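Order as written gives the chain letters A, B, C and D; numbering starts at 1 within each chain.
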Amino acid sequence: MRTEMIILNETRDVSLTAYLLDAGGEFKHMMKHPAVLILPGGGYQFCSAREADPVAMPYLAAGYHAFILRYSVREHAVWPNPLEDYDRAMALIRSKSEEWNIYEDKVAVIGFSAGGHLAAAAATMSKNRPDAAILGYAVTGEDVRACNPSAPDTNKAVDKDTCPCYLFSTRSDSVVHILNSIGFMQALAENNIAFESHIYAYGPHGFSTCDTSVQSADTIVCSRTPNWVPDSIGWLRDMLGEFGTNGMEPPVCKKYVTADHEAFLSIDCTFRHLMTNAAARAILEDLMSRMKGSTENAVPLDSAEMSIILNKMPLRELLAFSRVDRNIIEMIDGQLGIIPNN
Amino acid sequence: MRTEMIILNETRDVSLTAYLLDAGGEFKHMMKHPAVLILPGGGYQFCSAREADPVAMPYLAAGYHAFILRYSVREHAVWPNPLEDYDRAMALIRSKSEEWNIYEDKVAVIGFSAGGHLAAAAATMSKNRPDAAILGYAVTGEDVRACNPSAPDTNKAVDKDTCPCYLFSTRSDSVVHILNSIGFMQALAENNIAFESHIYAYGPHGFSTCDTSVQSADTIVCSRTPNWVPDSIGWLRDMLGEFGTNGMEPPVCKKYVTADHEAFLSIDCTFRHLMTNAAARAILEDLMSRMKGSTENAVPLDSAEMSIILNKMPLRELLAFSRVDRNIIEMIDGQLGIIPNN
Amino acid sequence: MRTEMIILNETRDVSLTAYLLDAGGEFKHMMKHPAVLILPGGGYQFCSAREADPVAMPYLAAGYHAFILRYSVREHAVWPNPLEDYDRAMALIRSKSEEWNIYEDKVAVIGFSAGGHLAAAAATMSKNRPDAAILGYAVTGEDVRACNPSAPDTNKAVDKDTCPCYLFSTRSDSVVHILNSIGFMQALAENNIAFESHIYAYGPHGFSTCDTSVQSADTIVCSRTPNWVPDSIGWLRDMLGEFGTNGMEPPVCKKYVTADHEAFLSIDCTFRHLMTNAAARAILEDLMSRMKGSTENAVPLDSAEMSIILNKMPLRELLAFSRVDRNIIEMIDGQLGIIPNN
Amino acid sequence: MRTEMIILNETRDVSLTAYLLDAGGEFKHMMKHPAVLILPGGGYQFCSAREADPVAMPYLAAGYHAFILRYSVREHAVWPNPLEDYDRAMALIRSKSEEWNIYEDKVAVIGFSAGGHLAAAAATMSKNRPDAAILGYAVTGEDVRACNPSAPDTNKAVDKDTCPCYLFSTRSDSVVHILNSIGFMQALAENNIAFESHIYAYGPHGFSTCDTSVQSADTIVCSRTPNWVPDSIGWLRDMLGEFGTNGMEPPVCKKYVTADHEAFLSIDCTFRHLMTNAAARAILEDLMSRMKGSTENAVPLDSAEMSIILNKMPLRELLAFSRVDRNIIEMIDGQLGIIPNN
């Protein structure tokens, strides 16, 4: 392993530490590595050492290069300084992908507490969006203003270009209220973005990896909490790809949950989305009119009850739910599949 | 183990199956057992066998008696029939606690999909509230009307008497949208109720325990998903107590997250809550006026920024955050501790 | 689930309890189940309830029917009574495979302490050998005579027909010394039989599943110990097959470790075994004479040092170790592959 | 984290790489760290990179400084060169304990394959014995001569000063036969040394951490295999101590399994050991003569059957087994406790 330390902004005391794994040679199936960029917490007053090196280690053990960004804090934390620091760091990492043997499309960001706010900002409003984001007991809502008055509410910034996210925290966190994470998840859900989330029953704020070497063994914290580390690594493998014999395999989980953002329409789009397209609407209305008289359907598609879930459920499930014949389902999928998704 | 099957309502085909563990004898530290009451899913059209016995087994292995309620479905599912079924079952279980060696204050409910809706209704609006509720890919919001038009939105029913809850589901569930679980968590958070939650990145609806004997090994489902079972058992031990040498030990996690619902005030109450009490408000206003001139405080308590988090954060954290001296914190706790919480 | 209780021998108070999982119907990929036959411990003085039902539950949860045999104890324990009880039980289970929906070639035995002795006897000297055996802190060596003077040393009975075995215990077990398990492993290794083994650093004898509902939470026992349960289930899936969409898939791990017991020879046989066959010996001697002059080989096959490992290592590894060309290796495999293994 | 690289022997190309964790500061409960010294494998022909850095990472994540020793290989591997390299490295580490913030009595060695042989030699025959040893698919028996003719059989070298050991390997390892590990365990058992051991059903030789970034995801290896890493960390915490609020707590598991090596005798010594001491023998013979007539004892202590286990079982268990009264047991313990163990 090689270590490098790069000053990104001397005035604001911003630096990037790089822990770079060996590639090639005996590691013949790993000519390159994916990477994580770690953003420690500290209320935008400092960058915690407890959320720096100890976080890097398990990802290094899992085959990820690890970078730690010490971003602008205290008087330098005025927005958008920290986000600029992030953008510069991510641009540098990707520009050095050849030299450092990095998959430039497989760089995740990991942030904790205020660093989690910065990670959420990176995921939602940066120039150089990460490929995945891990948010640990992150301040994602307007609460951030209590520690950094100029910082934005990232829950409101979630958009279609937001990367897949992994969130974790404890329910009883008395510093960053759980409504932060819930609000962020809601925004991700409304934007069709993939995510995973683990809210553990109880424990303090700022537990980092929750390894006993960081958070001592006598801490009152729920026994599932340390699982966030291996689970986040499993999630990264789902979202960025697993290590195969010849480099990395394709991801098994897509960024978008429904097909509402694919190039062409399909029955995996939601009913609501399909109805916004004139050609698709014609097909569905014809279907519904034919289904009207049928007594076989459990709940009619045009009922008041059904309208509740129409904007959430893929057409495939709605049709299965309404007991539409499998042949008709496939025919409709064929008809939709030639309509471009605009 | 003994098995019993009790008909609760012949007309509506409602039954309770009991799997009762041995107690006493060689199990000398277990004269009684806690219990789970399982509510299988099936869209209020049937009670799925896949969410009955296979769910009972891991809880039996963990020392919980297991009950399975086959509740009113199809034409009998009109509300409040299923909730009445639940209430009758829970009343029966508690009334037989001596005969069946049950801790009557340690009976959890576990429901899946539509059964998860019924479990959420049990937790929020039943006469015989459970002591804990496990909700698996549960329909908790108004979406329930798509499968049972007369059933209520349980997200809106969460109240102070709701028991601690454990929620799990997959983000990509295409039958029950993840916004159901998010809405329920939000309501729990707003009501100060303890919970744990695991949203796994991807997988189908209706995976039950996700053991390969129920959900075959070639299912496309995220590898963390089966963890919900042992994690829910760990959570039950946190909320209902662990098995000690002389019966069950006290729970390590409280039902309410802040002290806003305890008998007397304390600095573990939220600032917002304390300010609703005249005597407490006098103490806090005095404190704030004395802190005003101080330059030591990072963020003043009466600033616009601080007001954002005042209704969420316990006073203890706010004072620590504002760098108030430890002696003053303890003095204030003493003053608050004699004021009854009305 | 159905429960049955069958008296196998009234005089000796021998009974078989059957916990039978549902098959077919909603469980469409499980028309049949594999099974476990549990032999509780108790020093041949009684059959412990702590090693009966609590052991059945996790295997039921994993899709295995569970049977509990209460075998001959105290004055009835004189050998071979307990082994006869086992043989009768296993014969009955297999004869009822149609009625009970059992894969008759997928029935494992699980025994603890003295019941582990009986399980080891079943694996090594019964008429109706099990398909796999799980031995928990089992008395497998001559120590058994301290609790049952007429019982045999099973370590000496391991043979080529012994089934794959899974052993677990704690190093500090003060009742059954760890040399019992080590001796059994050695015998399995010498007979080319697959096994898995977990010896945990410390803990008492007789911990059963080590779930806190059986072995209370304040027991001084190493934290890895409860892993034997899920690990043994993973092992059963490796040895007996995983649950696929259309019934059970083939096992991924073979009963024999080297190919010394296959129908035809191959380079996956050990050198020692190949040299016992005249035709194979001719091929190998020719190879060795040609390799003699070569300076490319790290260690010559006929050196004194190499002879040490000749009886353990498959030829494939020896050739690779001696840096024999890949083409030559394949050629030799082809030559060996037509020689019957007598 | 700081990195240092120290040349230990230029001629033989021996070096020590140090990965040193931060101590003190925000890590206020960690003024010092325990450490691991890693000995990569490579058949004494090279030091494998796959068993160097990837092994260091999980222990760094767990709060252990990590050292990697590249020891004498090829023509320099003639014994005792590699062991001298080890001794020099361990002496250096302990001498720098102040500078590097190391608990000098908490330094474990970890070796793989041929490096596992060197680790076993360190544990059994070095001048500077480690405090614990982790042996991965290690060549511990005479087989080592196939790759290093001058290297000793470490199974025969196990003695009373051997440190506690943790062994892991796969049953089907076709390069290092499982009898190596079994032989080592047997020697540890005969010397009363604590150990833990995991033999996984199947997998290749040389899997290192078995993380997919080292051993690609399509490797045919048993799913439990990667558990050796976290389990070995749990074991180190049992043997060397857990991280508490004020530095490290005392170990929960002792080096010796019975009390045969303590300063004074007790009923936790084995019967055989007690009988070698004249004063203790007098006490026990008196007890046995008094017990002779008793009909309450299940198996008499002086029976032929009992003699089988007398040299293995602590007296405490023998007395309990023979149903000796608890008061008598305590009285005997008191009598033995004043007799020095010579």
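As a working rule, contacts are C-beta pairs under 8 Å (C-beta built on N, C-alpha and C of every residue); 3 or more make two chains touch, one makes a residue touch a chain.
Just so it is clear, the structure is predicted and the values come from calculations on it, not from any experiment.
The fewest steps needed to get from chain A to chain C, moving only between touching chains, is 2. Taking each chain's centre as the mean of its C-alpha atoms, chain A lies 27 Å from chain B. Taking each chain's centre as the average of its CA atoms, chain B and chain C sit 42 Å apart.
Of all residues in chain C, none touches 2 or more other chains. Contact topology of the protein chains: cyclic, one closed ring where each chain has exactly two touching partners. Those residues of chain C lying in contact with chain D across their complex are 45, 142-143, 145-147, 149, 164, 171-172, 174-175, 177-179, 182, 185-186, 189-190, 194-202, 220, 222-224, 227, 231, 234-235, 238-239, 252-253, 257-258, 298-299, 305-306, 308-309, 312-314, 316-317, 321. Within the complex formed with chain D, the residues of chain A that make contact are 1, 3, 19, 21-22, 25-27, 29-30, 33, 48-50, 53-54, 57-58, 60-64, 209, 211-214, 216-218, 237, 242-245, 249.
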